[in-house]
Each structure stands twice: as C-alpha cells, then as structure tokens.
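We just call them A, B, C and D in the order they show up, numbering each chain from 1.
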C-alpha cells in the first residue's frame, strides 16, 4: 500500500521573489512533491497556506501518513486551529518532516516545547552533511556525507530537546556546525527535522536531499494504532480489583473530569 | 544562598468546597509553602490565579529559582501571556515542579508537546509510590516506597514523552499503576512531574510528600547560566572562516530574520 | 519475506525440575518457538546452551533477524566469545528480545552498562501488565492490560538506563510495580526487555504473552543496513577539504590506530 | 567540601615518545591534575597503569568523587577486575570524564554498550568546538566556541547511544564534524565524554580545555546516595500486601537468587 504524503508549503517567497520563482516555478511544494513522485511507494498531494484551512482539512489529514512542512515568512499566519489538528494527528501516529526554516513553525515549537532558536547567515556557502549512523533507514543510499554547494548557514546552539537519534550533522564553509537531521517521537508520531532548504538555492532539486526525504517518509510512516486517550474516568465498579468508595470526593458519578 | 521557591496555586476548590477548605484553610498553596518553610534552604512566596498577572509578574519570575504549579478546575483561565513568561523562564533554567492535576495545565502541555492524558478514579483508595532509583537526589530520605492512605487514582497510559528519568511509579489498591515521578529538561530548565495531590485528601500534609517536594526543589534549582538564543544573524564578516557572499539572498544586511 | 527468529534457551531447569518439564516438555525454547510458528510471518529455529557454540554460530547469527534470550541458572556458562558475536550482530541491526531472568544475562548487562538489578519474590501471585502506549506496535491487539494469574514478582528499583520507550508496567498482587516492557537501541539493533516468564508457571503458553512476542519480533526486525565502523583512518589526501600535515605525529602513514 | 578528583593516565606514550615527553614532562596525568589544582574546589590525586591495581584500589575509588580517564596505547592492559570496580563506583554515583582516545577504553565501551567507533586523521589540523547549549554548567565561561590550533581529527559516525545532552560539536579544518562533548547517566553516575586530547599537541595546557574539565568535574560530582541493588529477595511475609504462597516454586526460602 502506498504511503500517503502531503507536502505543505507556505508558498509566499515563490510569489514575491523572482529568484525563488525561477528556481521553483511550481512552488517549493511542487518541487518537493515531484521528488516523492519519483518513487512508486508514495501517493502525494500538496497543500498551501493560501487554501481554505491551509489545505489541511480533517479529511486530508485523516488521509495523510506523512506530512512535510516548509514555512518561513508567514509562520504567524498559520491558524492555531489547523495546528491543533496537525498536532493531534502526530499524536495518532502521522509522521512529520519539518524542513529548514520550519524550525520556527508553530507546529514544531509546540511539539518540542523549546525555543528552537539557532544562528544563521546567508552567504551561499558550502554545506557538508555527515551521516552519524550509516545504518539508519534515513541514511540509506548515501555515502559518508553529501554536499550542498550553496546554502544558508544554520549554526549551533540549536534550542531543541535532546534528539532521540542524531542522523546528520553539518559542516559549513564559514566555520559553523549544526544538528541537521534529528528525530523525536511525540505520542505515536515520528518527527524528523531536516535542515537543508533555503529558498534562493535549488536545494530540493538536489538528488541526496530528494533521497533523504523519501527515506524519511518511509521511516516516519505510521506503525501501531491511532490511540489518543481522552482522560477517561474508570468507574469504581470497573476497577480491576474490588474497591469501595472511601472519603470525600469532588466529581459527580459519571463526570468528565476537569481540564 | 537560599533557593527562591514560588508556590503557584489555582485556589478555586479551596473557595468552593467545604471539604477542601477544611483540609487546607490557608489554601493548598499555603500548605505547600509551609512545607518548604520547614527547611532553612528555601525562601518561599505564593502566587494565585486571582492576583493580577496570576501573581507571576516578570519581576517575580525573575526572582524565582523553582516554581511549583497546582491547578485543576481553571486551567483555561490562565492567561497565555503568563504561560509565555513561565515557559521562557524554564528555558532560562528555572526549575518547574508540576503537581497532580497540573498534568493538564497549559504550561505542562506546552513543555511536553503531547496529550498528557491519563485515566482516573476518585475512590479514596490507597496508593503506594515505589522508588525507581533510591540513589536519586529526589528520593533521598525515603525508604523503598511510601504510602498515601486515601487518594484519587491516576492510571496508565500517561500521554508524555519518554521521561529522562523515572523516579516513582505508583501501585493503586484498585489495580492500576502510574508513572508518578518523572523528570525532563527543556532548554536549561529541569522539570519534575509529581502525581500526589488530590484536593479532597490531606496529601500535602503527608511527611513523605513534603520531603519529596523539598528534595525536588533542591534538584531543580538552576545551574549554569540563563541562555536563550534569539536566532542571531552572523554577519559574513564575522564568520570564523573567511567567507565571501555567493549566489542570491533574501535577507537585507543586518536583518533580523523571519519568524 | 519472513522474519528469521532464533529462540535461544538455557534449557537447564527443564532438565532438572519435574515441574518445569511438566509445563514445558519441549523445553521453554520449544514453547516460545511454537508461539512464533502460529504466524506465517516468521521462520523460526531454536538454539540452546548445550549445543556447540551454544547453537549461535556466526552463520546462524548472520541468518537471524531477531534473537530471543531466556536464561536463568547458567548465565555464567555462556561463553564470552558468543556474547561478543551476539553483541556485534545487535549493533548491525539484529533485534534482541530479552526475557524475564535474562535481565542478568551477560548480553543484556553488556548492552545496558548498568547493574540490571531488581527485587523478586516467588509466591505464585497475580500480575497485571498495563499498556503505557496502546498505539505502540508492540501493544497491538491487547486491551488496556492483561493478567497472568500466577507469576514470580519482579519489583522496582530496576537498575537500567532510562528506556527509549516504556511499553508495559506491572502491578503485583503483593503490592509491587515493575517496568515490564522497555525498549532501547544500541548501534542499529532494537532491544526489547519483556518481564513475564518464570519457569514454574505456564507463562509462555499465555495468549497475550505469545501475542506480545510476535508483535515485538515484527517491531525489532532490522531496518536500514548493517553498518559497524572499524575506526578507519582518513588519510590526509582524502580529507574533504585540502589539508597539509602540521606538527608532530604518532601514527605511521597507513596505520591502523590503537585500541 | 572539596571535590575529590582522581586523574588516571595510561602513561605510556610519555615514556616512549620524546615529543610527548617534551610537552608533558610530568606525564599527561600530571598536566591534567595541575589544571584542577588551579581551583580551590578540588582535591586531586593521580593514578597510572603501572601502579599496583593501576593505582585504583577500592580505597582510592571510595574516596573519589570524579575520575578522569585518559588511555590510548594500552587499553587491553587494564585489568578487568579494576574495570569492574570502576563501573560499580560509577553506578554508585562517581562521576566519570572520559578523554579523547578513551573512547575505546574498556570502561567506556562497557558503560555505553556500543562500538564507540569513529574515524580519525593525524594532521595537526585546526579544531573548533561549538557550544550546543551555552547555559549548561559544563559550558560556563566559554564563548560561542573555542579553537584548538593543532589536533588529531575524530570524525562521525561516532558509535555511541544517543547522548542525554549534547554539549559540544567540533568543526575540523579538513572538513569533518564530531560530537565532542556528550553526557550520559549509568546508575547514579554522570558520564562526560570530551574529545580533545591527542598526546602530540599541548592540548591539556589549553585554557579552554582546562576550564571545561573543571566545569565538568563540578557537574559530575555525586548527588544523592550510593544505591546499588543486589537483587534482594522479598520474603512472602514482607510483601506490602498480604500474600500466601501459590503454585510451584524453584527457590528455597531465604535463597539468594540465580545470576
């Protein structure tokens, strides 16, 4: 069965900057989606900020195994209620691949709970991404490292919780380093942050970047089931061991709890 | 130097329920604060939902090493801007001790990024908290376990990210178990979730609970410095290795970046 | 393609104790293997302490996706060189399921680096295993919990590094709790510790235990590739950036490094 | 009270290589110890491979809060029984700082459970260590980074379990990166791996390296108590809940358990 990928794009700089439009005439989301379409493993759709509900209706999310997220100029325009839906789907097991400037997206900051800050420089310098675990599914088909000839620099310190696994670390021509590929789990959803992606360079056309995205989507696809608990009350009569009510109580029988 | 503890209390059920007021005539926050005052190590203040800014002004937070958080009925009334301030102080290194029904507080859900759901039952049953690591600072002075004769049950599954360390696990008379003492770090702040605390029982008068809170505040006190990065630009001339601008760019020299 | 499971059994108490032999006439390993054989997903073999090389030749390990390990009376008789082979295969990606008293096996202690100690009692008491994440692949097909009517108790503190994920926690009739299902990763190998399994009770005949083992083997099957680095030297001429030798050096060109 | 630091040195290359002896006339251990002695916080002793018991008698370890470990040429000559003692003290809470080529020491491999492999090159190239969390106690007093003008390169992939916290990442002149400062906990002991330290360069004379070592020893000093469980039996009569023996059993009353 195909892995259902939804490629979300902010789609702002493509409209405003001729340089960006030149590199990504179908939008960055269009280019990223085309990368997935190279493989028969994926069924791909795109969604953008400008569509109703940012293109992420409950039905679309319900039918998404893995969501990729690219945003930069308009994080604040993403509606909180859409972020709520996405976060809930991650807890249910939907994979999430956060790209580049998405480090400051609402959804990533919410899932991390930290500042997600970093340092940056836009000089078109060279980046070399080292593989920290060549046996990991996300690194299959790569050598020891791959290079991006022109890129924006992101540098440490990166304000994230300690990753579950470190997949890539970048070396930059200007002298910095960065944790460029990191994984976490929140609820049953697997999360992969992947650094490459500045919009003024043809980074999503790069074969190694396209390969990593396909590997990561396979890795992040749901396993298990969609459990999210709703804080259910266990009535006294349903306790696994026989119990009788003791002392004072606050909640009425059959109550829902407070939140 | 004394550890500056701020005890935050929602202070709602103490006002509404005679049972709760009977157990906590000074409020639950008053009782928790009195526990800290038993030791010369702490300088304690309280703050409540009803005060301006919920009693958590920037100045108060600036002068807080460890914040304890108890809420239940009114999580939704806590202002997002106050939660912003608290979260930022955690990143800077302020310790945070989240108590009982605080599992559903805005600040805890924000720092975890998960549902923080659980199951529950209010039957006044017995709870036995087992120590998972008797050598841990938070468990000093306890035996292998301690018991609370009457308590609300919280049961697994508990919707949290994997804890950095598991300190306590509870056994309940009715047959459930729960991860009752867990630690995490977000930014430079240490976080301790501690389960005991239902308002209709005298749990914050319990000697072992008071001991754990004091141990936890010593453990959670800041170490290191208050770094939070603001995503600074590194101008090309300041790169550690000599660089020259290549390719197109998006940001104006000296720009602030987008977020 | 089938998942190749090797079921390793110490096979000592089955030979010495009539009670154990009565429950497991084909050995405990035989019963565990029969559980996997219920599903077409697995190709199963067994191996025991008494066979040459404990039945774990390099060829057998090479053809093993997931190894299950049960031992109790004879941990010290397992040869260090066989443990070396198993550990290396775990690093390469072979899954490892460690059962019950295997908490004190050489291979588990080596992979954890900790004492792996616990408390215990043999009273035939009831155990209830709670699911900490009902959406996890290892917990599929179970309800909120399952029960084992007669079992040996294992209690906290359990001397392990913090698990990557907590899958089960046990409640015992006698009042203890235990982290009964835990996962870790070492190298590219997934490790699952699963507590049930005392030899004087028919625990590996229990449908829920058999279900968990099948789920766990599917979860632990290798993904990615078999990378283990051998600490290779990178000759100066092969550095990604042009370099020339500076200062003194210790190793001869083309040397192997020290270890 | 002073932190009792024991600086362990292999002391082999200092004896054999004139270059190394020239830089470290008192041995590398002598130079590292002198760095700690700059601060009144520490009481320092040294121990070397050549001393009886490698200078690490039970009494010495008993009186050690933090042990630093440098070895390279003679890992195999370290006696397993001494490694047993050190590992047990780490579980009890002794801090351990593993330096440079100590990545392949017996004690580090045992505590990690992984290959601890890496890549390397001896070209005297420049290393720049970036701070991943400027607020962490180990990074206090440093700027964003510090540089070592001539060093041996260590490169990713580094075969370690995911660190609890990433403190430093190195950038190398030749184009590689490395996780140069990592923390873990095993039992109650805090472990810090710190990469700098090749013997043919004056790295332990470097002010930033000396500062990090002092910070790390303060961070790694024991907290809590020295618990190591010995797998105690809980007699049926001592169960927290009343129990009676059911079914068959293996162990005699008062028995010690198997291991």
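Heads up, the rule we're going with is that a contact is a pair of C-beta atoms (placed from the backbone, for glycine too) under 8 Å apart; a residue touches a chain by one contact, two chains touch by 3 or more.
The model shown is predicted, which means the values in this text are computed figures rather than measured ones.
The set of chains touching chain A and also touching chain D is given as B, C.
Put simply, the chain farthest from chain A by mean CA position is D.
Inter-chain centre distance (chain B to chain D, centres taken as mean C-alpha positions): 31 Å. With centres defined as mean CA coordinates, chain D is found 27 Å away from chain C. Rounded to a whole number, the gap between the C-alpha centres of chain B and chain C is 35 angstrom.
Residues of chain B found to touch two or more other chains are 128, 133-134, 155, 157, 162, 164-165, 171, 175-176, 185, 187, 227-229, 240.
Note for the complex: chain D touches chain B at residues 92-93, 128, 133-137, 139-140, 145, 147, 164-165, 171, 185, 187-188, 219, 223-229, 240. The residues of chain B lying in touch with chain C in their complex are 128, 130-134, 155-158, 162-166, 169-172, 175-177, 179. By the touch criterion given at the top, residues 13, 17, 19-20, 72-73, 75-76, 87, 91, 101, 104, 110-115, 117-125, 150, 153, 155, 157, 159, 161-162, 173-176, 184-187, 198-201, 227-236, 239-241, 243-251, 257-259 of chain D touch chain C in their complex.
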